[in-house]
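Here the structure is laid out as structure tokens; the discussion comes afterwards.
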Amino acid sequence: MQKVTAKTLSGKAASLLNAGEVKYVLGWKKGEFDYDITPALFESAEELEKDFVWNDFSCANLSKYLIKYTRSLSGKILVFLKPCDTFSFNQLLTEHRIDRQKVYAVGVPCSGMADEKKIRENADGITAISETEEGYLVHTLYSDAPAFISKEEALLEKCLSCKGWAHIALDEQIEGEVFAPSADRFDQVKALENMTPDERYHFWQNELSRCIRCNACRDVCPACTCEKCVFDNPNSGVENKAAANSFEEKMFHIIRAFHVAGRCTDCGECSRVCPQKIPLHLLNRKFINDIDSFYGEYQAGLDEGSRAPLVDYDTGDLEPSQVFDWRDGQNA
Amino acid sequence: MQRIGVFVCWCGSNIAGTVDVHAVAEALKTEPGVVFSTDYQYMCSQAGQNIIKDAIRDYRLTGVVVCSCSPRMHEVTFRKTASQAGLNPYMVEIANIREQCSWVHKDVPTGTEKAIILGRAAVAKVNLNAPLTPGESLVIKRALVIGGGIAGIQTALDIADAGFPVDIVEKQPTIGGKMAQLDKTFPTLDCAACILTPKMVDAAQNENIRILSYSEVEKVGGFVGNFEVTIRKKARYVKEDICTGCGACVEKCPMKKVPNEFNLGMDNRRAVYIPFAQAVPKVATIDPNYCNMLKNGKCGLCARVCTAGAIDYTQKDELITEKYGAIVVATGYNPISLDKFDEFAYNQSKDVISSLEFERLTNAAGPTAGKLVRPSDGKHPHTIVFVQCVGSRCDACAEKGKEYCSKICCMYTAKHAMLTRDKYPDTEVYVFYIDVRTPGKNFDEFYRRAVEEYGVHYVKGMVGKVSPEGDTLKVQASDLISGKQLHIDADLVVLAAAIEPDASARPLATMLTASMDTNDFFTEAHPKLRPVESPTAGVFLSGACQGPKDIPETVSQAGAAASKVIGLLVKDKLTTNPCVAQSNELMCNGCSSCELVCPYGAITYIDKEFRMPDRSIQIRRVAQVNPAVCQGCGACTVACPSGAMDLNGFKSEQIIAEVDAICR
Amino acid sequence: MPVNGYKPLIVAFCCNWCSYAGADLAGNNRLNYPADVKIIRVPCSCRVNPMFVLRAFQRGADGVIICGCHPGDCHYTSGNYFTRRRMALLFSMLDYLGIERERTRVEWVSAAEGAKFAATMNDFAETVASLGENKRLEDLRCKK
Amino acid sequence: MNNRQKQEEILRISGVNARKCMKCGKCSATCPAYDEMEYHPHEFVYMVETGDIDRLMASQSLYKCLSCFACVDRCPRGVQPFKLIEAVRLMNIRKQGNNHMTANDIPSILDDDMPQQAIVSAFRKYTK
């Protein structure tokens, strides 16, 4: 359950709308199910009153939508940004993708988000989910008594290693406490690195063979914001819709991770939305970990205007041939 | 669909020896787009080129693949051939089946198989080629010469004589360089000052030449025809345009104990100084490291005696930014430091000196007014030992010295020995040598004269040790011809120190993106055919910055560099390489990644209006490439996540087609 | 260079100014290296997109090597510095996915280093041949 | 062992590349024992290079070398003439009955001025 209430947020948004300070509000509303909270654009206090949702399922990172809306809408847009979303927002500002003048950014403290997949793993036919202080009561078609799952058990992967706020100039910040991080986000990356190549290969083969190329990861990713993706571009030499060319199907994830390397804020949206539960964030975190250890720590989106590691260099950089020995030395 | 012609060259037996050229031509006939395929002994010959031209007309070819030597060799030739036949030259691709196939593989089946694959890749690429048209860029008609020694002066004079303005940047307070320090020059023995100083004056008086002395290059941007250079004009605390060079300030300056670098520290100068009488510009300079006024505000004597009012203690470094069409590097050389050669006791005894110090000691304008005396006690030396190859021709692994031959030492040592015997017949002069190298006009005759007419003792062997003992220097050396170890009591030992490029050369090379060898000498574009050009377009080399050189060689190279510069500056426009990056605005994100990796600043951004499918107008930030500035490296194409940035001539699609053709 | 009768397919991306010239020099000096190595000319090593590397593997290449000017000597000043970062990260990622790290290499070869070019190609071809055919990248998404 | 093998053996033991020598004679110029020697440092190098091994092995010059390393230190080409001499000495000592010194020789050499250490190291150097 979030410490800041939905009423606080919608009330704030409604008053700004009514005062004419903003013309639109980018927030969340309920989709098909209780766990299915989706981004939504509101234009009036009435709509907000009716549909605005802010709870443990308001995971969606709204920054990416600002690219589209700041271009197509005239008038200021209020956007709610959770701490992790501020990194993406900063990164998009750095890349000149958002017209800051048209945005009214409101920082929302977050108490940690729930992973619908973790909840659905043990419950079929969910009809409703209600939040309690300690966790969630899951109502299903097949049982009269709701099942309970604790907040810790259902916590979203990215919240385990929450980064807090980026250094950002918000128009307004709602007061409140931010969920404190605990885990080392590179634990799994390091575990994989310490496996044998065969083990790693089988791990990834097992994961990636489930991919159905639905492009959900690409569509949700706030770094994957290309006007036209190379995989959709007939002139890139790699475009292919059908699997006649094996390249696209198989290498999509590596190239996608490479294209966002140094720009990925580790917001975790890719893994969250993957219908096949592929841990795509482990590819991104691999690049982040490598960048941190080879070239010095770098957090994309922490500061607006910072220079991404892949558009930068140092004359004393590690040679590609030294990478493995060097890392083996570090891990040992 | 392209209509492609394939032309397989035998290169005599160079290719045909290891590649079945008929089989290659036959195999490539079935590749997509190929309508004609043939082979011939020498495609680059007139007859071979005619085959290509005829085929272009007869078969209405839209693309040409030549399977031959490296494109670095004949790409230009075949492009010209194509364009003579009316085909866009950029529709030609070369498959390198000589350097990268027939010459490195031994048997015919292997060579043939690989040649076919390389040909296939070239055909795949041509299928995606598009005609390209070179652009044009303006040439700024002004040259920059970096370094004001004899090389720089000569280059500047020659360029100026052709009518183009030239700037000389010299880091010392005066131009003249090393030659100004020399006494006489071999093999004619005319005095260095007599032939150099008129040139210095010519340079100063030439209305096309601007001398920026006491200045250093700080930043270089731009490209051939259009360099933008920032020059730091160091504060000399004297107004250059007002100072008359009368020397009153120098006379009155109380700081008398400043080591005089022009005489290599063998005497002293004042804190305000003019390096030597014939300095150009003849203007005083205040040394801020020694001037009391500048250090602690006490003194001000020079300002009081200067009737012209030229002294200005508040002067600051000045940054000058200027545009140039061409840049000539003439940064010269220095003798190496002899600190590591303990065996010769250079640091222990004042009477062990370097050859350049010897020049100053015998120079009429030097610290002893030309009288050859021992620096320690001012006595006349009776036995002088010259040691050659000190630090030259050393093993690469040795910690001291240079691997190369310094080239000038044999001749100047012969000169020193000869002049000493001429002026002081009572001296015994020994020259210890490993080899005497005298390849040059009148050089060997000169060396023989030193031996035969002047009685200089040339001893084949090296000096092993010099030990100062009381007044004398005990020299222990070997005489390899007689098989004896010699012990000579010398009064003066002169070391022919190796020469090395000036320390400023390396950072300058980085600024100019000009390449250097491991010894920090600038690399020429081609060691035989383009010896005065750097591989970086618009950057030329003059003098010892490119390698050890004597004066006549330096002057001829200086003239050659000047003629190359003139050849560039007389052009109003340069055609630019059309293989440059191009941004597809429809796909550009405007994210600046490309801009951040571009080494030339060729990418800028503009806001552009786009009409959307719903007829609304959206404004997006998109990248634009300046084709005159872009050099076509392609760094941006990989930095661009959306693939909006592509490189003409090396499009992603084309390279992927090559990969596919090779991996088929 | 067949090892146990297996001939690998190797794609070498060479920058026009140093490594391609180095390869030409190897030819001028008649220094042999295996015909398994096929060179693709690019203006600068920084033109090599990771997509090209992966595409080569996809199409059956057993090894990919990228050659450029020595760091600090890039004809375009800084191109190879970017290559160095990009390829360090890409190769590290391929290793992370379980692709043999010996199949990828970056080597700096100057225009004067014909001998180094030949030696590098001999060594790389031998290494790759000893690994055998590359199936992993192709099979990464096809669990058997 | 034929001449060629001896040459190779000396080069192998010493690790010296005699071909690097540019015949400048700095080794001989620097050698403090020059006048005692029949063949001089630069000649050692030349004799090994040209395969004139037997004369060198027979020469007493080998034992005049003081092992002062001056030639090694000053050689501009990094040839290390001393190491060649050391290798030739070793070749000699390794031959049966070719010890340059026996224990019986020591008492006669000993005197008050001679440091003990010199005797020990000489014995180590000149015997198998």
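Think of it as A, B, C and D in the order they're written, each chain with its own count starting at 1.
By our rule, contacts are C-beta pairs under 8 Å (C-beta built on N, C-alpha and C of every residue); 3 or more make two chains touch, one makes a residue touch a chain.
Keep in mind that what you see is a predicted model, and the values were worked out from it rather than measured.
Trainee: Tell me, which chains sit next to both chain A and chain D?
Mentor: Correct list: B.
Trainee: Of the pairs B-D and A-C, which shows more C-beta pairs in contact?
Mentor: Counting C-beta pairs in contact for B-D and A-C gives the edge to A-C.
Trainee: Suppose each chain is reduced to the average of its Cα coordinates; what separation in Å results between chain B and chain D?
Mentor: 47
Trainee: Quick one: chain A and chain C, Cα centre-to-centre, how many Å?
Mentor: So the centre of chain A lies 35 Å away from the centre of chain C.
Trainee: Express in whole angstrom the distance between the two chain centres, defined as the mean CA positions of chain A and chain B.
Mentor: Those two chain centres are 53 Å apart.
Trainee: For chain A, which residues are shared contacts with two or more other chains?
Mentor: Counting only residues that touch two or more other chains, chain A contributes 230, 236-238, 310-312.
Trainee: Among the residues of chain D, pick out those that touch two or more other chains and give their numbers.
Mentor: none
Trainee: Hunt down the residues of chain B that sit against at least two other chains at once, touch-wise.
Mentor: As it turns out, chain B has residues touching two or more other chains at 597, 639, 652, 655-656.
Trainee: Please list, in label order, each pair of chains that touches.
Mentor: Applying the touch criterion to every chain pair yields A-B, A-C, B-C, B-D.
Trainee: For the complex, give me every residue of chain A touching chain B.
Mentor: Interface residues on chain A, with respect to chain B: 71-72, 95-97, 225-230, 233, 235-238, 259-260, 263, 307-308, 310-312.
Trainee: Using the touch definition up top, name the residues of chain B that touch chain C in the complex.
Mentor: My answer: residues 70-73, 96, 98-101, 103-106, 110-111, 113-114, 117-118, 121, 510, 513, 515, 535-536, 579, 597, 599-600, 631-635, 637-639, 647, 650, 652, 655-656, 658-660, 662-664.
Trainee: Looking at the complex, which residues from chain D come into contact with chain B?
Mentor: 20, 22-31, 34-35, 40, 42, 70, 73-78
Trainee: Under the touch definition given earlier, write down the residues of chain C that touch chain A in their complex.
Mentor: 50-51, 54-55, 58-59, 71-72, 78, 81-82, 84-101, 104-107, 136-143
Trainee: Contact residues on chain B for chain D in the complex?
Mentor: Against chain D, the touching part of chain B is residues 343, 389, 393-395, 397-398, 401, 434, 460-465, 476-478, 480, 483, 485.
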